[in-house]
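Below: the structure, in structure tokens.
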Amino acid sequence: MAVKKATLVDLFTRTLKVRLFEEKVWDIFGQNLVPGTLHLYLGQEAVAAGVTVALKETDWIQSTHRGHGHVVAKGADMNAAMAELLGKKTGSCKGKGGSMHITQFDVGVLGATGVVASGLPIAVGAALSAQMRKTDEVVACFFGDGASNNGTFGESLNMAAIWQLPLVWIVENNLYAMGTPITLTCPSQNIADRGEAYCTPSVVVDGNNAVEVYEATVEAVKRAREGGGPSLIECKTYRMRGHSRFDPAKYRPQDEVDHWMGRDAVEIIKNIALEQKALTEKQAESIRKKLQKAVDKAGDFAIKSEHPAPEEALDDVFKEAI
Amino acid sequence: MAVKKATLVDLFTRTLKVRLFEEKVWDIFGQNLVPGTLHLYLGQEAVAAGVTVALKETDWIQSTHRGHGHVVAKGADMNAAMAELLGKKTGSCKGKGGSMHITQFDVGVLGATGVVASGLPIAVGAALSAQMRKTDEVVACFFGDGASNNGTFGESLNMAAIWQLPLVWIVENNLYAMGTPITLTCPSQNIADRGEAYCTPSVVVDGNNAVEVYEATVEAVKRAREGGGPSLIECKTYRMRGHSRFDPAKYRPQDEVDHWMGRDAVEIIKNIALEQKALTEKQAESIRKKLQKAVDKAGDFAIKSEHPAPEEALDDVFKEAI
Amino acid sequence: MTEITYRDALKQGLREEMLRDDNVFIMGEDVGLNWGGAFKVTKGLAEEFGEDRVRDTPISENAIAGAAVGAAITGMRPVAEIMFGDLISLAMDQVCNQAAKMRYMFGGQTSVPLVLRSVFGGGKNIASHHSQSLEAWFMHTPGLKIAVPAFAYDAKGLIKTAIRDPDPVMFFEHKLVYDRKEEVPEEEYLIPFGEAKVRREGADVTVWGTFFMVHKALEVAEELAKDGISVEVIDPRTLVPLDKKTLIDSVKKTGRLVLVTEETKTGATTAEIAAIVQEEAFDWLDAPVMRVNAPDTPVPFSPTLEQYFIPDNKRIADAIREIV
Amino acid sequence: MTEITYRDALKQGLREEMLRDDNVFIMGEDVGLNWGGAFKVTKGLAEEFGEDRVRDTPISENAIAGAAVGAAITGMRPVAEIMFGDLISLAMDQVCNQAAKMRYMFGGQTSVPLVLRSVFGGGKNIASHHSQSLEAWFMHTPGLKIAVPAFAYDAKGLIKTAIRDPDPVMFFEHKLVYDRKEEVPEEEYLIPFGEAKVRREGADVTVWGTFFMVHKALEVAEELAKDGISVEVIDPRTLVPLDKKTLIDSVKKTGRLVLVTEETKTGATTAEIAAIVQEEAFDWLDAPVMRVNAPDTPVPFSPTLEQYFIPDNKRIADAIREIV
């Protein structure tokens, strides 16, 4: 499939946007302004970009504990996203969610969840709803290699398959679940094998190549929209940092780290776009500048925003207080 | 593989023993002497027989809500088993368990459980224990087609595979989970496909043919004992009765019922044994008589046994009362 | 008005809501054509509304609950059934971490209008895995509403309210009341959450209980009346929201309180009620709040044992007599 | 004696038991070589005992718990770790329906000597899915013992007792005490279950609490002493078995009781304690039993909100002042 030039630019822009957002988060975290923990999306940007470029605004994504990249790529307001990470009143969840629950529902984010693999059945329900409401909405559900070992994985893949739901499973196989290499917890090479067992068409792609992710998603989304049921896309990728805030990730062999660091998602999509003449160096630079500005603004916004008032802790349990 | 004559006799005997036991249970149930509900094993006897004949006494089985057949085949005391179904003090669980929890630990039954699929992780633990204690014990874990849709299925198959545990998964695919046909809840023809996804050698056999079940189990047990890890055997079989006590199973198409009723597990193994000259009609008859006598005795024993005293309800929560 | 069973009252409520709102649908194991629910509550609905809206699921409790969450937040009104309350143990993450917390942790962005129906209680001799009463787990989970109807009339009115509620509702039924008949209006009515019902007025002692124990308490009250003991019986109908006022007012009148549920004693809902009442009506209490519950054991199978396990009229009467 | 952290005290206890009994082993997510447990409790043990006995698992909470059950009934002594207490929601069936009930429903045939370690509590700004305090769910599940150490000394003595216990033990830790240092003997000692510890003697009011709240209560007691209020502080150390005697004796002495835990209020362990005390010491109580808990909400992320959520010294002091 020949990817349109405008799409290549979009892929580059989204990949870079997520990268810059995460670098900003890391920077602010370094200033000790981000409470709690963080699971940075750095390194995996091409997955979120490739998937979301293939979706419509009315489509949904289900995110994870490593969710900033997903929501920013889906179009979340960066100010509100950044403010949420800092626990501010202006955050998209009013400071109640933070990094692990960063969510902006009105751009099509079903939710980000701290319980590994818990998003899968929720995505099933949203896809069922899309089908029952007779819409053309599709749901893309992100999860990690580690998540595929949880019981909800099989339950969800099965349900989606028997009901032929408009769902795309996106496995971000970054080879580790915290410090545990996938080789210790998965007997096969590819998580995709498990999709096949549920009669779900499954492919493996280079998760650092936004174009590959995009192309696979386009095909899966098309199938989903046409009533052809769920698909699974396994994206091989790698974290640029540790699992969470203070993890130096010493457990990863240096040659493995080197290999992946040499496969920078931003560089890869940029080079493709340049080669395909979708973009010039100058245009790329101007995109970067614009994005950097927006990200910086988000950072300032978040830092300057107010903390919620303590008693706000009591709101939002039910629609109406009981 | 040529099956020894003595083994054929054993297979016949165990299949028939389970059949007669269950018929007796049904008979007593008809007299309104069995409290609660019942999940009869009638029709599936060849599975329990084929599996347990391939096991050693020191091996373990994990049972289900449809467990009478498993425990009787593994060698449980029939008096105690029957008394348990009637809630008597002399029952193997002192009347605390009943049909769904019928268990005799000292003949190698890990337990029978009322929660579908909950036996799988327990079997993993027992197999891990067998491996860590450096024994040659093998665990055979029974479960239904319906159970394979539960989250514990994937978690357990995966764990057994990565640790190469001495485990044999026995799927009793009787085509229904209560009233739900497997076609509604499983996108593929065979549950065995799911075993392959976890790199677990998986086969499909005729579950009404005790020899087929036996041969597949022998191979799987051998692999397990030699450190070759888990295997999965899917036994296609059928319930002769409804799911539970009052279910007339009207939801099953008559031609399907007829097909399977014509494939009686006892007849099949009997004919094989006769053909292979492992058995004469006369010997078969004498085995039947002996078994019938033991089963009748168990029935009488159970009926005549005392009910537990009410306060015994307070015992056995902890080893020592707190 | 005609007399119908609790089961049929529930079905009427479900049916009315499905007729009213196309987004209401039912999902669960064996709820559909071939079975109609393990206790036949949904029998006939698949025939009427189709298998799409009365949907049989695989044996996947956590995914059933989770799919209900996903459907609820995107505009549907799922009524999910977990066949036995004991099996919600397999769905605790989706129920307690997702459904219950979503509105809150997303700062009010999401509504989760789902109903999760399930059934508690013993008395059917089906042992430890099919007889528990676990409502306390959910009462201790902020973000869930809990309905506990003991009467057919309430079952219908509460299921309708539950379906229309914008928040997740745990709708708990009891095995022994499905067959109980009572007059139930055929026309529509709703019962608001958080309003207890005084089932019988009395002056000497208040009895508060749930499910089948309400019926036992009423029998006991009748018996004790012959001895001149006047018992007031309160049925909360919902545990969350909890109608404290009706209860406290009653205790202030009678000065005595006996709590009766089928739960195992330690940490039961009765513990919370006892704690509340001694907090809020300390000066009115003439005797300690008494709790009548099952002992702290799993539910045994054998009828002799199970009868001993479940609180009976005698234990309720004894507790009352001990403090009046 | 040297001062060591709660974390290291736990590790010492685990290590001693692993040296003593070859059948003791540890399993859980990231407990092994690469991480040593999310809170580093098992750090170093895989190096010493090998990856077989300190075993990293997949992210499969229900199977972790279930595998521990299967290993326990066949002769091993598993110590399973669930990384965060919130995640036991995924293992409720194996914990509450299998481990807790097996001995009973099999009529005493099986022993399930497993320990399930996990961690509760907020204060780390990690929001609704990683900060809960769910011990009440398990206190309401007959068949489980529950240890709740708040001090390093107890952590070591109780983990050793837990490992040797023939029944399933839920061993709950608290995030904010891992770094707390205290003198802990290097030699072996065991702390029996069911023996509360009076952490401070007092005459005017009894405070009973768990985990980090014990430390806060002690601070408050110190402060209030300046105002002439004499506070007795009781740390139960295990919830099941529960040392009622120490508590009731104390209440009979002081006549007043304040309960403090980090749980959300409704249905917390404090409800059970309040119910027990008003039952057993009704005539000695000079004021209602007060409960200081978190509000009935999920745990919020933002530090300002979380600080408001978790009971602080002021709330504890206020509750005490209200009744003395």
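Think of it as A, B, C and D in the order they're written, each chain with its own count starting at 1.
In the analysis below, a residue touches a chain if its C-beta (ideal position, glycine included) is under 8 Å from a C-beta of that chain, and two chains touch if they have at least 3 such contacts.
Quick caveat: nothing in here was measured; it's all calculated off a predicted structure.
J.: Going only through chains that touch each other, how many steps at minimum separate chain A from chain B?
T.: The fewest steps needed to get from chain A to chain B is 1.
J.: Need the CA-centroid distance for the pair chain B / chain C, whole Å please.
T.: 36
J.: Using Cα averages as centroids, what's the distance between chain A and chain C in whole Å?
T.: Using C-alpha averages as centres, the distance is 40 Å.
J.: How many angstrom between the C-alpha centroids of chain D and chain C?
T.: About 30 Å, centre to centre.
J.: Taking each residue of chain C in turn, which ones touch at least two of the other chains?
T.: Chain C, residues with two or more chain partners: 57-58, 60, 62-63, 86-87, 89-90, 93, 97, 104-105, 127-129, 142-143, 240, 295-298, 300-301.
J.: Of all residues in chain A, which are in touch with two or more distinct other chains?
T.: 91, 93, 95-97, 101, 113, 115, 149-152, 155, 158, 162, 184-186, 317
J.: Quick check of your reading of the touch definition: is the inter-chain graph here a line, ring, star, complete or other?
T.: Drawn as a graph, the chains make a fully connected set, so complete.
J.: Write out the stretch or stretches of chain D touching chain C in their complex.
T.: Per the stated touch rule, the residues are 62, 86-87, 89-90, 92-93, 96-97, 100-101, 104-105, 127-129, 134, 136-137, 139-140, 142-143, 240, 263-264, 266-272, 274-275, 278-280, 282, 285, 287-291, 295-298, 300-301.
J.: Considering only the defined contacts, which chain C positions touch chain A in the complex?
T.: 23, 25, 52-53, 57-58, 60, 62-76, 78, 93-94, 97-98, 102-111, 142-143, 145, 166-167, 194, 240-241
J.: In the complex formed with chain C, which residues of chain B make contact?
T.: 35-37, 87-88, 91, 93, 95-98, 100-101, 113-117, 146-147, 149-151, 177-181, 184-186, 251, 307-314, 317
J.: What residues of chain B sit close enough to touch chain D in their complex?
T.: 60, 62, 91-97, 101, 103-106, 110-111, 113, 115, 118, 120-130, 132-133, 151-152, 155-156, 158-159, 162, 315-319, 322
J.: Residue numbers of chain B touching chain A in their complex, please.
T.: Those residues of chain B that touch chain A are 149-155, 158, 161-162, 184-188, 193-194, 196-200.
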